[in-house]
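What follows is a structure written as structure tokens; I'll ask about it next.
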């Protein structure tokens, strides 16, 4: 027999040792021996199906005819809910892995309830997304039609994913929610935490670099541009100096606020109804309703040489 | 029969009601019952083919030999043009949907003309892209060869898509143009409106977060870095207070301008030949040829504590 | 015979002429007539395999069981190393194309050595990535588990690709390294040059718009946020005015430095151990260990109207 | 440039000359320049869809649930009928290619009618196939369940395809019918001409080598085994010595006939109700109802040496 | 809205009625609402994996190297056994569907045992297949190497599938066994019932049309040619006139028997060791060891005219 | 860690032992450690390409237009010849594996010559196939057009593969030839040895079960039906009792012979020009030109009871 070119066996052994060290360090011992976590690919397929369920004639199969919409929606929804059920079970079991009292059948029943609630939320999600599409069409002079908006705008795609992710977040499967959020982030460069609460008619133009934090609260008909951050200024710490989980730490934007590109809005502050924040502004305090904030003078301080 | 786990039927009904409300609100009634819009997936395939047509030995199939280049180019081009023709017809028909006078055969003839004009533009596009590759190679000290540039640089990929999208924009299929632009945006984080006019030898380094507006006009041998915005300061409004479509509102960059990372250039201003704009500069007025603009003092105003 | 709708033949001819002009201008003549460059698609497949090799139970196939991990790792590694060997040979031959003395068998032997060295580096890469996962888990209050971090965080994905790309960069296949880096850039918006040296426990939060230059040197337990640039201020030029290749021109970050979103750090400066740099800061000089730099006053200089 | 290894150009030219000679000899000139014939691959996809439409819980997708059957059936049927419509148009246009009077719109209307008629025939086809499944289950002592029969038996698969092909044959698209028949032939080795009329409860066991001719007429509850031929003895010729098309020339099998493996039954003869024909029998004359035909003596005429 | 071209809704309703009639007639009511039967596609994938497990360097992936065989075999086997386990469970549950006493956990435990037994049988199957390959190589003067035999001969492919199917048949999953047998039948035209017991060194040349019945018993080093039938003459009936299941009704072939093309051997007869049966012979009685049976005279009874 | 369900490790070990025993018994030691044999899948892809090269508008891609035929043919042929070259090299090296004198470069040069010769033979193959199509169209009263014949008839598909396989057989790659023959056998049930010499205008109707041996010689305009065997009566043996390789042992059919279904023609006999052989006839002696042979009396010897 010919000699091996690469010593695969040795590398396999060293990699196994590295994994073992990690498992020892993390005290991670699989209880089933099999896959224990939801899968990004599965969630990507589920989202692909949901896009068609929500907008069958625009994001569904190209050969669909309107008279057959409901067949397509029903068939796809049936398959999607089953696939989702499997992923929800994986997350629930994973969450309960240190909890001996959690019976398998109770977890399974929870999974069914979560998927049912999600299914019932879908028509409301569609209506919210319709309001987002109208907002984009009305907010961008370059938009020629609502169809173009739905087909092309990354901000709309990000909201399709976010409104689904937020529904997951609310019903107790935050890991699935996070996976969905990152699927949108990878495609659009828009990073919205699934916990963020966002009202109807939200429009993100261009979008690359937008970051919206977990406890942000956004009213109706708000518009933001690329590279806007709605972040935390700092984290409340507990007695041990560790961040307090879930503490409100991101801004509240009231209805009809506009924030231009590159602005950074930090902390649990409130931007009042109808206020606008200029490009590149760095903001850490409340803004009264109807105000217009710009970084006027500093921006003129340029040197020509 | 076993009971249904999820009440798919009910959700299907509610989703149908939501769609009906939308159609009523938007007065959208399909005339054909079938798909009326171009498809993102179809345009993605067309672009994949065009990349090979433009650079057969670099972006075509890995087993291609140089002596057979023309066979590959001709075969692929024939298939691409047919597929493009179908998408062009969809857009033309969609655009004419409120225009009873538009005959089907006239639209079809227009579609043929558009595709023919596009096909004839391809060799010129290739030559422009060659100039972009050279510009990247000469503009980046890290670039080892023109081949590395073509293979790796997201700025080059963005320009391949933009130069094609701009050709679509000019010949009357702006929705196809926009789809192509967004395909590049999703891959590179570079958002160039298809309407932007860009001269030979254009180089975008790194690129994430770049936004270039519809009426921007960029000369030859210009270089920009990541997160540069060439945007509108505000929109001219008409008597009803609505934005005037297509009004020139983005900057003009003359030949050999350089704009460093994070700079924001807004409004119908002109940056003169050979000028350079420093990183993070916020600029809303003309700049004379040969000037070097930096935000010198403000940047030193740091607090150490 | 029916007439041709599109004059494919003519366009093929014009495209061939454009290619010929390019080849003449670049003095590029293929010596083999076949593909001479590594392929992005091949490297994407290789990276997909390596992700599974490094984290079999998390990023490997969903039906893998723990008792069979080593079979999967060994089988996948064997296939990956062979595929990598082919790409390494392509790069070595391409690099040697102007060097008549480079014998084919010597290049092939070099390719084997490079792949062997890379294989041996994999267990170490895994251990470094484990430290990155822990850093993300500990650095982000929103992170619920190390598994969520590995599954969802774009900053981790970027580091998986970077640590592999850096190994390629160090062993003499910089083009493969660059392709790998751009694969991560396209997915995450994080642009790390393969040359950058990065210590254990590195965490990038959100990540979109991050740029890290070739000669950057990052210590242990460093944390950065979205849109941070670690760039060059200017390039040392040689006697002919051309940039000197590989000259150290990017910052050094000592252990436990934190840099907040949007900060720009330029030039061969050193940020001392434990220092923190505030959001949007523009920094071009050294910072002492333990300092906290913020852009305090300028940020308050806002105009309300 | 390197020399070409294979002279592709020369072979391309010689192949083009061969095609031109064929087109001249056959006087075949394409009128449209495009594909003029139905596609085997398209019909294979259509049949795959129809199998699911007819037996959703057995031959449809594995994740289908019974409560969602109709959604699946409706969605798939809608897509199948559209795809079929395209193929029917191709055949009708091809058939009319020498008929200048055939208007395009008339052909399109015919295509719609054909597809409508076919769709209406589907429930009846399903009922006939149910009778075939029962016949197989009752006729084969090895069959454990009707489900096994539907899932495994090549004779059933052949009948699914034949009953569809026969419907095509009857409605004026014999080429589509033939393509469907050959798809089954390739999978099962059972060659049934789409013209054959076959009653309910037909069972073919094993099946390889079965041939059933165009004008065969088979009653109810008939059973045949592998390698049975129901063929023509000879063809009636017209005045010019050419075969008369469509003349009845294959056998009639009345209800409940059984024909054992390898028997050859030729010509326009009638096998009476309930008769059985033994293995390898060669039969060219009528058989009375209830008879049992075997090739008794000849079969014993063996030589041992 | 445009009118529907095809009345899909009506056909869906009629098909549902047909299904309902069938379910009523067959008293088939799904207990779970989901798929209850093993899937042909799943078994095809399993067989594809097993072919590689059994002959890794010949039927495994083309880039496999010998030093990594065991990794490939182990990884593939692990995945195959899991997939098989799922199919075995489906069959066991299906078989127990009328048996209320069958607990789910008992069925699952049975499934594990069946798969374990099958896994342990694999090395023995490989050794038997090796003997078949040698027999083919030695039995066919046209065979150039054992590799050619393994790669090309449909008789070998049929035996790979049969020896696996027979193992399934023996361990209590006859439906899986039947599916595997039909997969081979469809590819080769060779129809071997999984129940048939076949000794080492079996060779089928050409193969199309071969049928071997459930209770056939074939010794070692037997050779048969295309279109040979080893069938039942008639079935023993029980008191109700129904066939007795599993009664021995097919021939026994002792070691080193040869049967030439087209011969039909029927009933529970024995062909003695080393006997040969000539082409097209019809045989229903025992044959002594060493005999040579031909259909000498009848075959000369030809008419020339 | 959880316990393994299946003891994969043990089975892997036993399978490795079985492989080792085989390699010892066959004295098979890989010299390269890698794949040494041509691949069936690779040949299937090559044949798929060649079908399009030979009949671009009928078996090529459905969107091909006639004006672009040559581009398609040239591109596909270029790719096919390269892929074929790789397979030819594998066979040549395999054949030379016991021949130390065979230099690698000499084998490579031989491979180029073989592929070149094959490429030059393609136009002639196309012309022969055209004659086969015409023969089928004229020989079958059911054929409606030459296009239907090319699209549907398994006998034509078998000849496309055979004429290619025969070219491989003649130029020294008999294993590739055999693989191609078996690809057709699997699809059609027609088993033609690649060595058989077949004149223009050959037509096989229905085809299942046809077997044509290696040294058969078939003239022009011959027609045969399903289950016809052109076989060897016995093999000439050498002094050691082993079959003499390649000895002429199959029939010669002169021009315009017709052989009806199920006939068996054995040995090195000649069927004279224009003779016809009736169904099921068993023939082992020469037949004079123009004769009509039928098995008249035996076939009437039926028993009715």
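We call the chains A, B, C, D, E and F, going by the order they appear; numbering starts again at 1 in every chain.
Just so we're on the same page, a residue touches a chain if its C-beta (ideal position, glycine included) is under 8 Å from a C-beta of that chain, and two chains touch if they have at least 3 such contacts.
Predicted model, so just to flag it, every value in this text is computed and none were measured.
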Quick check on the contact graph: shortest path length from chain A to chain E, in steps?
1
Counting C-beta pairs in contact, does D-E beat B-D or the other way around?
D-E
With chain centres defined as mean CA positions, report which chain is farthest from chain D.
C
Chain C to chain F: how many Å between their CA centres?
51
Centroid from C-alpha atoms only, then distance chain A to chain C, rounded to Å. What do you get?
25
Which residues does chain C have that touch at least 2 chains other than itself?
1-5, 8-9, 12, 30, 33, 63-68, 70-71, 73-74, 77-78, 189, 208-209, 227, 295, 298
Could you tell me which shape the graph of touching chains takes: line, ring, star, complete or other?
complete
Residues of chain F that touch chain D when the two form their complex
53-54, 56-58, 62-67, 69-70, 73-74, 77-78, 81, 85, 112, 115-116, 119-120, 122-123, 126-127, 130, 141-142, 144, 146-148, 151-154, 187-189, 206, 208-209, 226-227, 261-262, 279-280, 295, 298-299, 301-305
Of chain A, residues touching chain E in the complex:
1-5, 8, 12, 65-68, 71
Chain A contact footprint on chain B (complex, rising order)
5-12, 14-19, 21-22, 25-26, 30, 33-35, 37-42, 94, 174-175, 178-179, 182, 185-186, 189, 191, 193, 208-209, 211, 214, 227, 229, 231, 235, 242-245, 264, 266, 281-284, 287, 291-298
Residue numbers of chain E touching chain C in their complex, please.
61, 63-65, 67-68, 70-79, 82-83
Please name which positions on chain C make contact with chain D in the complex.
1-5, 29-33
